[in-house]
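Presented sequentially are two complexes of chain A, the first with chain B as partner and the second with chain C.
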Partner chain A sequence: MINNKPRIAIYDFTDCEGCETKLVSLREKLLLLEKKVDIVNWRLGQEYFEAGPYDITIIEGAPITRHEVDLLKELRENSKILIALGACAALGGIPAIMPEKDRKYWYEKIYTSQYAPRGIDAVPLSAYVKVDFSIHGCPIDENEAVRAVEELLAGKTPSYRGYSVCFECKQAGNPCRLLENKPCLGPITQGGCGAICVSGGSPCYGCFGIRDEANIPALRKILEKFADEKEIERYFSMFHSRTEDFNKNKEK
Partner chain B sequence: MISNEYIAKIEGHGSLTVNWDNNSVKLNIHEGERLFEGILVGRTAEEAHWITPRICGVCPIAHNLASLYAVEDAYGIKVSEGVKLLRKLMICGQMIQSHVLHLFFLVLPDYIGIDRGTELAKKKPASFKKALSLKELGDEIAHVVAGRNVHPVKSTVGGFHQAPTKKMLEDLLAKLVQTEKNAEWTVKVFSELKYPEIRVDLELVAQSGDKIVSNAGKEVLIKDYKKNIEEELRDYSTAKFGKFQGREMFVGALARLAVSPPSELGGETAKLTAKLNFQNPFHNNIAQAIEILQYHKQAHEIIEKLLNMTLDVAAKDGPSQSEGPSFAGVGIGAVEAPRGGLYHEMHFDPGQEQRITYANIITPTVQNLTSIEKSASALLEQIQGSNQERQRLLNMLVRAYDPCITCSVH
Partner chain C sequence: MMLVINDKNLEVFIEKLKEKFDFFDIRNDKLPFKKYFFPPVQEIFTRNPLSKSKTSDLKTAKTPAKFVLFGLNLPQLEALTQLDEIMQKPNEDFFYFQNRKQSIVIGLIDVEIDAMPGGDIIFQKIGEGKYKVWAENAKSKQIIKENKVFFEEIEDEEIESARSFELSEGAEWSKTMRELLADSENLANAVAWSHGHKIWDELAEKCLGCGICTYVCPLCHCFSIEDRVGLDDKCSRCRKWDSCVLPSFSRIAGGHSFRPTIKERYYNWFYHKFVRAYREFGKSQCVGCGACKKNCPAGIDIQEILKTILEDYKKVMSDV
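Right, the complex of A and B next:
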């Protein structure tokens, strides 16, 4: 499907660039990965630039401005494989908490009414184009990124973890938050993160994406035992207010 | 459309419009608006420090702490000595992480004739190894104290969900001992580079205690930050442009060393700090290298203290105290982030839900944007050469400021 030494472009749209920072934290492993590919366009990392088409385009961040939306569509046309890197690209992320209808109000509050906004809406890449694979997380787990790229290099389509965060959470030896009446989205969230947030004492807000066949209504029922509707909504809306999976399930 | 229209090797999307005839430069900021100050309204006191690190993945710890300080200020929450020390240690990790990333991956390539930071591995493998050892150290400090190198998971209002174990701190101390000579070497490397010589009349501004202090002798209280740091709109930018009492300001490593020279540094480094040219923004790179050593030494001292005490990090009183007499409703959190003074202000409604009713955030890069343009003009006036060469120097100048455009358009 792709060449021996694929030409890769790495892009960042509007976001915190924390997932790219995670890639740099790979250190020696990044060097090994670099040897197997040809990074021909990476604004954050290098001046060197080659125009498309690309074998693999990795995009971090949410397309918020018109310019980013147009560029995204062009990149899709010029890429054999398009990968979303991190929660902003895959789910809309934290920026997607802001509803489209409220943007005008906040532009005026934050910038005054004199300001000509550039942003349209903060949504995942998949709102505009087909995404071939998502490397999930806010931020990503850098080793999951290596796994995805290595699977691509081996000619495979990368696969998602076939289990929820709960599986990794048990392995980490954490007591179950739900049993302690603390909100947690672990049961419906895809694994791969190593349950790092729960292990550190924080809730799971589901940044690794909703896994296949997740039973969202069942989790809601458990949450309703100790949390009110507003609190539950706050948990789901941290990363999922604009994802198709979540909104589809919500209506059931 | 697929083009290299933005300045490479800086965080976020910026470009320069240069008027070669009158030496004026506009710094266009293209980042989309995320409207964090709107996102925060309606969320709760307990969510602020989870949401704001996502403003910037290069300095998430600074945002995490600024939000925690703002919440604790509003609710009158006091924290233990151990918590204070662990937070200081987080900042040490943050400074080392951010400065090492900037200096070795974004700055150094300009000066040694390579493009991508990783090319250093081929050109000077021993140097690259030293640089990586410091990157690893910064990440490890963040990991041990905050639970992850990007976006903390262990810190919370009033304390930490968990304290690092004695073993984790001992291992970290061993790593610090191993890498100290690499931090010293970094100072040597960056102090010996040949920087463009320019002189710009800038006011250097940094936080010191509960004050904001400038090298022009001005002192204002942090709680009056909004009155003193003004933000303006520019039609070519999605970020606001900051000024200090109406003047272009410089914040970050160079300003911190100008305003409060660190006491930890002995011998050669102290001499070097005294020799810095505080009117040359390029010297910010030397200042960052000095700070890597400074925070490296500080981390060492803090861990020794932590190992000699019983750590109590659990939050004493959460924001459930909102009905109590200590509830002020308004909180300001200020932190010296890697790129300079960071301010988070939050207001809360007095109810049980602890909802945020107002948020204001001023990031370091917002404060630096106005002065980047001024320094760029000065560079064009003071350095002759072809436009192509001067364009290259302008890009290097922007990089010397280590702007985080991502932060500036929050």
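Right, the complex of A and C next:
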């Protein structure tokens, strides 16, 4: 499927670069990776770049400006495999929290009416192009990123975690937040994060993406017992307001 | 004559055990004791085919040092005996018994028993600060012999009434559950009959499919296998707990799913526990410990489900 030593490009759109920083934090493992692949284009990580086509293009961030949207389409055409890196690329993430219709009001309030916005909208990569795989998280778990690359190198299609955050949360020894009437999206969210947020005392906001066939309406019913509609909406809109999965379930 | 130990000596005895063995008090664990024998995630072997080393490049999971599991209650002790039985069929599960054989299991119970339900040593509360000691196998007798200063032999009559203890949390639920489980044949027939029952539709709306019930169940033992080829060329095979309520568990190569809806998957959990287990082992794979009910974020109570099914099954049967 891909060359013996695949050519990889890593791009970033609108985001905080935290997920790329997680890649850098692989440290020695990055050197191992460098033996298996050629990273030929990575603005954040190195000083030289080669033009496409690429075997694998990894993109972090949400495509927000016209330039980013055009570049995304061009990268898709020039890449055998396109991977979304992190919540902004995979789900729209933090930039997508605000609905498009509210933007004008806040532009004026924050930047005055003189501000000429360049942003079109904040949506996941998949709103514009076909995405072959998403490495989820805000930020990503670097070992999950390695796993995806390993699977590609082994000639497999990378796989999503089929279990919920709950599996890892129980292993971490955390008491269940929902049983304590505290909001949590863990049961409907894909694992892979090691339940890092819940272990740290925070709710799960679902940054690892909705798990396969998750029962979102059932979770909503549980949340309704101790949270009002507005609060529930706030939890879901942190990462999911612009995803098809979520909006489809909302209509039910 | 019976062997007893008091509170204070029990504490010292535990300290002695801690000096000699790895010691795990399971009473506050979030996951059941099975994790010590059958870890949630276990790399069962690794090998590096590109290794230039002359010795074998195959490394299997290590045998742990001898360890003590302390604090199993009655349902947990029974579950342990049953899990051992499950793991022996059809072939002995190597990795389970590799860990299991290193263990010394100590029960702590506050109910009367006629015989040891499982484990190596059992401390049965028989009065304020007093425990009757059960130890029948060679391994446990040896440990007691080595620590005999802490134990005392008394006449049977000297026992105070064992009835005065407060029932532990969930004991009432467990009691009812164990009554239902006593007729596991009826339970098997009822659950098999209930396949088209509307209760499964209701549960499908309620169940989050998170898998917690299967993780906290001391008897659920399904797993999946994950192979990896690392960046360092190390190949590894890992086994992980899996859950029959998760869609990936029912899916086979090519993407076909045998149980495409949560309704079918949730029913399958019951089917395995109460029907298949009865047919294969002659009893339900449930000891009434209540862990699934206590930990379900959706508040699903398996006892309520079973009662509804049993009631409707009884009606149908009496109409025939």
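Structure notes:
Definition applied: the second predicted complex is superposed on the first by the 252 of 252 C-alpha atoms of A that agree within 3 Å, B and C clash if a C-alpha of one lies under 4 Å from a C-alpha of the other, contacts with A are read in each partner's own complex, and residues count from 1 in each chain.
Everything below uses one rule, namely that contacts are C-beta pairs under 8 Å (C-beta built on N, C-alpha and C of every residue); 3 or more make two chains touch, one makes a residue touch a chain.
In this text, all values refer to a predicted model and were calculated from it rather than measured experimentally.
Once both complexes are superposed on chain A, the partners chain B and chain C fit side by side without clashing. Contacts of A:A227 after superposition: neither chain B nor chain C is touched. Rounded to the nearest 10, the angle made at the CA centre of chain A by the CA centres of chain B and chain C in the overlaid structures is 110 degrees. When the two complexes are overlaid on their common chain A, residue A:L153 makes contact with chain C while staying clear of chain B. Look at A:G173: by the touch rule set out above, it reaches chain C but stays clear of chain B. Touched residues of chain A were counted for both chain B and chain C, and B has more of them.
Here the smallest spacing between CA atoms of chain B and those of chain C, following superposition, is 17 Å. Chain A has no residue lying at the interface with chain B in one structure and with chain C in the other. Interface of chain A with chain C (complex): residues 29, 32-33, 35-36, 146-147, 149-150, 153-154, 162-164, 166-167, 170-171, 173-176, 178-179, 186-188, 212-215, 217-219, 221-222. Contacts from chain C toward chain A in the complex involve residues 29-31, 40-41, 205-212, 215-216, 228-232, 241-243, 246-249, 262, 295, 297-299. Only residues 13-22, 24-25, 27-28, 30-31, 34, 39, 41-49, 51-52, 62-65, 67-68, 70-71, 74-75, 78, 93-95, 97-98, 102-103, 105-107, 109-112, 114-119, 122, 138-139, 196-197, 199-202, 205, 230, 234, 238 of chain A touch chain B when the two sit together in their complex.
Touching chain A in their complex are the following residues of chain B: 1-4, 6, 8-13, 30-35, 37-39, 43-44, 47, 50-51, 53-58, 60, 101, 105, 115-118, 121, 132, 135-136, 139, 146-154, 156, 160-162, 233, 235, 238, 240, 353, 406, 409.
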